[in-house]
Amino acid sequence: MTDPILATHGLAKSFGALTATDDVSVELRPGEIHAIIGPNGAGKSTLIAQISGALRPDAGRVTLAGRDVTALATPARARAGLGRTFQISALAMEDTVLENAVLGAVGASGRPWRFWRPALRDADLRARAEDALARVGLAEHAAARCADLSHGQRRQLEVAVALTLRPRAFVMDEPMAGLGAEGSRQLTAFLDELRHEAPILLVEHDMDAVFALADRISVLVYGKIIATGTADEIRTSREVREAYLGDES
Amino acid sequence: EIKVGMITTLSGGGAGLGIDVRDGFMLAMEQSGRDDIEVVIEDDQRKPDIAVQLADEMIQSERVDVLTGIIWSNLAMAVIPSAVNQGVIYLSPNAGPSALAGAGCHENYFNVAWQNDNLHEAAGAYANSAGYTNSFVLAPNYPAGQDALSGYKRFFEGELAGELYTQLGQTDYAAEIAQIRASGADSVFFFLPGGMGISFLKQYADSGVDIPVIGPAFSFDQGILQAVGDAALGVVNTSQWSKDLDNPANNAFVESFQAEYGRLPSLYASQGFDTANLLLSALESADPSDADAFRAALRAADFESTRGDFEFGPNNHPIQDIYAREVIQEGDVYTNKVLEVALEDHADAYASECNM
Amino acid sequence: MIPERLLNALILAGLLAVPLWALAADEPFTITLATRVVILALAAVGLNIALGIGGLVSLGHAAFFGIGGYAMGILAHHAQTYTALDLGLFTVSGTKSMPVIWLVATLASMLAALLIGLLSLRTSGVYFIMITLAFGQMFYYFAIGWAEYGGEDGLSIYLRNSFPGLNTLVPIHFFGLCFAVLCLALFLHARLAASPFGLALNAARQVPGRAEAVGLDPKRLKLLAFVVSGAITGLAGALFADLNRFVSPTMFSWHFSGEIMVLVILGGTARVMGPVAGAALYVALEHWLGGLTDYWIIFLGAILLLIVLFARGGIVGMLSGRRQAGD
Amino acid sequence: MSFILVAEQILNGLQFGVMLFLMAAGLTLIFGVMGLINLAHGSLYMVGAFAAAAVAGATGSFLLGLVAALTAAAVAGAIIEVAVIRRLYKADHLDQVLATFALILIFSEGTRWAFGSFPLFLDIPDWLSGPVSLPGGIQYPLYRLALIGAGLAVAAGLWLLIERTRIGIQIRAGENDREMIAALGVDISRLYTLVFALGAALAGLAGALVGAIQSVQVGMGEPVLILAFVVIVIGGIGSIKGAFVGALLVGLTDTLGGIFLPELLKLVTDPSTASTVGASVASMAIYILMSIVLILRPTGLFGSTA
Amino acid sequence: MSLLTLSGLTARYGASQALFGVDLEVGAGEVVALMGRNGMGKTTTVKSICRMIPSEGRLAFDGRDLHALPSHRAARLGIGLVPEGRRCFADLTVAENLLAAARPGAWDMDAVTAFLPRLGERRHQRAASLSGGEQQMLAIGRALMTNPRLLILDEATEGLAPIIRQEIWSVIGRLKRETGMAILLIDKSLRELRQVSDRAVILVRGKTVWSGAMDTLTADVSERHVGV
């Protein structure tokens, strides 16, 4: 078995009396999509926040390609190869699609301290951004203002910005949220491709997408992983049905 | 055709003083009947940089012969040195910072009001004559405030029960009044111009502390006495002018001012009036185009001042009597009554440092 | 509607044309007034970098303006009185040379901006507005109590400082000097806004979380913007002091911070020429209305109010019609 | 320094704080509910003081003056809200800053135009004037005690209004999501006008109460405005409780700082330097307090972290 | 007579037009599904009905022209909104959230907490600390407190765990059965929509392209316009 690209080791985080994540260890191996599912308030976003560096864990470690990144702040983790998308689109709404993508390229270049050369005339930055936009199918909207995009297009742009980082691992918090059936299908197909570029840790409530994509699924309930397994194993687990799936599918 | 530039404060909280200076000045101009004098009036908003800009305008564009009007020391410090260095005559109707009386004096700068320390010095002298031996003194923490306390201390011969600097623009003096109450002083000297003085006096009167208070005229002037009300009654203050000074110039001034503007004149109005009359008297005998002659004519101060005798010392600052006045009530109106001369033919302390 | 580029060119050309006309018509004061516009615009260009691109609503920029002013005042005062300036470890002599004064003013305000920024950037929103105001007020009260340099009376410098090759006492020379500095600052702003740094800063204002997620540190970006911004406003302060040949604590007052901000908003926040348009209109109003009535400030207020209510995006926004999100 | 003096100074600090609270409560309410930085709040304070002085002067009744102050300020507030502020809710915060700045200019000069350039007279009514003796031998002005009482009563009333009444709940809901509360059938415009008028009335009341012991003059609102901003920022914006604690902290710091800092410095330097340097530091004291609070707690003492 | 009538409704966000002619009717007691792909104008239609954005065309509720009314007056006519994204008042407790919206009628605090018992249990908890599903319940309860004649649910099940989605659907079913309230529903799950709705209206690019009884909606039509 190959070494994991991204792994958490016993992550724990409490808010006062509430334990949001409790000894969570998950691994993301090359080429796979690892889905995290669980009831609302189970601690999924809290887990993502700890992986991305937005929240400091009370205990536990995060490793990226074998390197311990627990002590690094968010920007440093991004530079170390972690690409994330947000549950609620976080884009610079006043700017154009291209500018948003170039922003990712600026971050990836690690040189935001250049004040003289216009960013949009920098061939490297631009190439990187345009490439990412083309891959998510937003190339012809490059000049559009982000505020004028539809919900689905914004989700695509979220992914494109993460792509400009050429990350070693993706972390995605509910990328399908708010997408219609058709949008979900398209994004599902895209993620299926993307996994070969870098593995994806996927938090999602859309079970069709999860069962279609995930190589492995972990179920988080009350901050604890109660089960990890293939789609079929999870689908049939009684515990998971009671806590999460109900009598669906 | 002679052009006079007046830069004074006509808007905002300090506008009352500027308006009085202007009105007093213009009254004299009108009474002179001369129509060859043009007065250009501009509002400095009590901002030094605006005052400087206006001075530039007056000098460069309007090409005035004489500048006047500034109320506040800090604005005066911003405008006067550079204006007089450009050859313009400046007549101060109000501010008299020590820096311009001593080493910084200038042949083109004439002060027609007082050097800043004068009224405080008189207060110190009055405190001696009233038999006080232990004073509590307070003033805002800025140069004029520091000058005020040193002016008082220069003449006061007793001990200091306490010395406090308050914040500029402070409105609540409860803490200071408590200090005064606890200090065991037999008199209080304060210099708190404008609204600060009103606040202090009202709060002092209500506090039950009954140590007698002395201050310069600024907090007891006609313009603000009504706002202080009863709290000011009986307080002794020092001034080079008073409404009830009995001389023909003053009687005529008080009467004509009241007739023209429908209110009693203030200290500032008298200063504006005197400034204009000084200017008019000099214009009688010389033309501003002949600078030396014109300066000599100003120095002669050959005019009827509302405060009686008036002459210039070697630094072009007044030598004059300063009175102790008491606040009284005349019908509905609060006003002042002269008690005694606190300092006679008083000159300022900085004249010796001036060499022009 | 005029394209913004053309409008920008027109504004600059107008600002240059007025003093040239005044020179021909022998109206030296108009040149002084134009110089005042240029210098206030420069201060506002500084703020516009922090406020417009970085979203840092600083109500303490008077601190830098004042520091620049006092740098000039102190150096020139010591040169004028032939006294040495005691810096604790060593003493230096004063100077009347503008380039040296500018350097000191810029460095001093950068240093102050660095310190104030480091502390203030822990907060955001209204808290940021107020903490910057607090720092401004601290400087203000410090200057009032600083008896050595005149306290609240301030410092007068009898002769304007010198610049090699120019006679700064001639109004048009000094205007040209200030105008050149303003043009440099405008150019800097324009380049900065389009640069990777500007893009990153702009994103850090709109979506700090996203900026972090692509490996950028919003705080450091904003701190740098604040420092650059403070430096430019500080330089403007030095020029302003030289224009008036006078410095006083009012340069530190919160009114001044507010006024600089009003210039930016009036002209159009985040627009390159906004500060220039704002300063020109404000100074013109202040100058012309003053002659009309004692209560002219009422009219100034009313005009400002009408502009906010009916001209979204400030003067430049109104004339160019280019919408910006958030207008 | 005697116990009596210290106790009296603490009372003075409290009284100053309570007055600041009246100003700050309206400001924090308006900011919290409408997200509006109302620089013109100080003008409403001034309007209150002038109305009180004018009416008390004409009728001889201080109470009528207070009523006039409340009414005038509330009406002025409502007019501002309807005529200006309402058009700016959707605009940038910065436009609101500019608009309320313009309002300051209009109000200040308008007041001067209406009432002249000289300060007005407003005095403490006879039945509240003079000192009373407190336990421990403290002589303290009755009026200032009344101010403390009035301030505390307003604080309690305001707290009840905001926390316990349906209007208060709706106001707080509007703070969270203005569009949503309207979509649920609450007339948010009216509620806003009401909140604005209420905030204005509190400012007007403060102006009138303070006007009796200070100078009623044009521009009197500005220094208090800055202090009130300091208060609400220390307390945490939008929090009535925060405004109360912040006001007391600022009141005490400002009052005690001005007195005790020079005394402390006298221990290490000569009295004259001590009093000037002490006064300088004291004038910075509240700003120093505020920066320390914000550096340690970037959203104030009781501010939400959002 | 229909309760809500929209015809030829247009709306824009600043310069960009979002609705180009929406026709929609909801009769008393009827459950209507508003369907369409992402960005087709469903939420915009809802915002127009609730007077949160300006619009033009015919927009009437119970015979009254809604365009003449501000948002709160429209709501008082009896339109209850469960908005996209829940939008509970985060700093208020559950009880305060409900109280803020209360209008006289059969749905009062007791009725709502009896109908949605979880809200009763969480009465004193701040809305911000509720789980996503509970917040959704609260949003529904809050809309009920206004005693609406028409309840609008915009993506009421988005972002919720499957088990909670089922709970919400059963609540909607109960509302339909037990109260006979008219309901306008937006959701992406066609299966559940089919179960509860009487009629469907489909929007494409801000225009009504299809409307009819739910059981006449063929797989072919829904595939073409909605993507499923």
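Just a few scattered comments:
Here the chain labels run A, B, C, D and E in written order, and each chain numbers its own residues starting at 1.
The rule is simple: contacts are C-beta pairs under 8 Å (C-beta built on N, C-alpha and C of every residue); 3 or more make two chains touch, one makes a residue touch a chain.
Bear in mind the structure is a predicted one, so any value in this text is a computation, not a measurement.
Shared contact partners of chain B and chain E, listed by label, are D.
The fewest steps needed to get from chain A to chain C, moving only between touching chains, is 1.
Number of steps on the shortest path from chain C to chain D, with steps defined by chain touch: 1. Remark: among chain pairs D-E and B-C, B-C carries the greater number of C-beta contacts. We define each chain's centre as the mean of its Cα atoms; on that basis chain A and chain E are separated by 31 Å.
Inter-chain spacing, taken between the CA centroids of chain C and chain E, is 52 Å.
Chain centres here are Cα means. That of chain B falls 34 Å from that of chain D. We define each chain's centre as the mean of its Cα atoms; on that basis chain A and chain D are separated by 48 Å. Residue positions of chain D with contacts to 2 or more other chains are 108-109, 112, 276, 279-280, 283. Within chain B, residues 11-12, 15, 19, 141, 146, 168 each touch two or more of the remaining chains.
Chain C has residues 144-145, 147, 295-297, 326 in contact with two or more other chains. Pairwise, the chains that make contact are A-C, A-E, B-C, B-D, C-D, D-E.
By the touch criterion given at the top, residues 16, 36-39, 131-133, 155, 158-166, 188, 190, 226-228 of chain E touch chain A in their complex. Residues of chain A touching chain E in their complex: 37-41, 148, 150-153, 174, 177-183, 185, 205, 207, 243-248. Contact residues of chain C toward chain D in the complex are 51, 57, 119-120, 122-124, 126-127, 129-131, 133-135, 137-138, 141-142, 144-145, 147, 254, 258, 261-262, 265-266, 269, 295-298, 300-302, 304-305, 307-309, 312, 326-327. The touching residues of chain B, when paired with chain D in their complex, are 11-13, 15-16, 19, 141, 146, 163-172, 174-176, 178-179, 181-182, 194-199, 202-203, 206-208, 223-224, 226-231.
Against chain A, the residues of chain C that register as touching in their complex are 191-192, 194-200, 202-203, 206-207, 209-217, 221, 224, 324-326.
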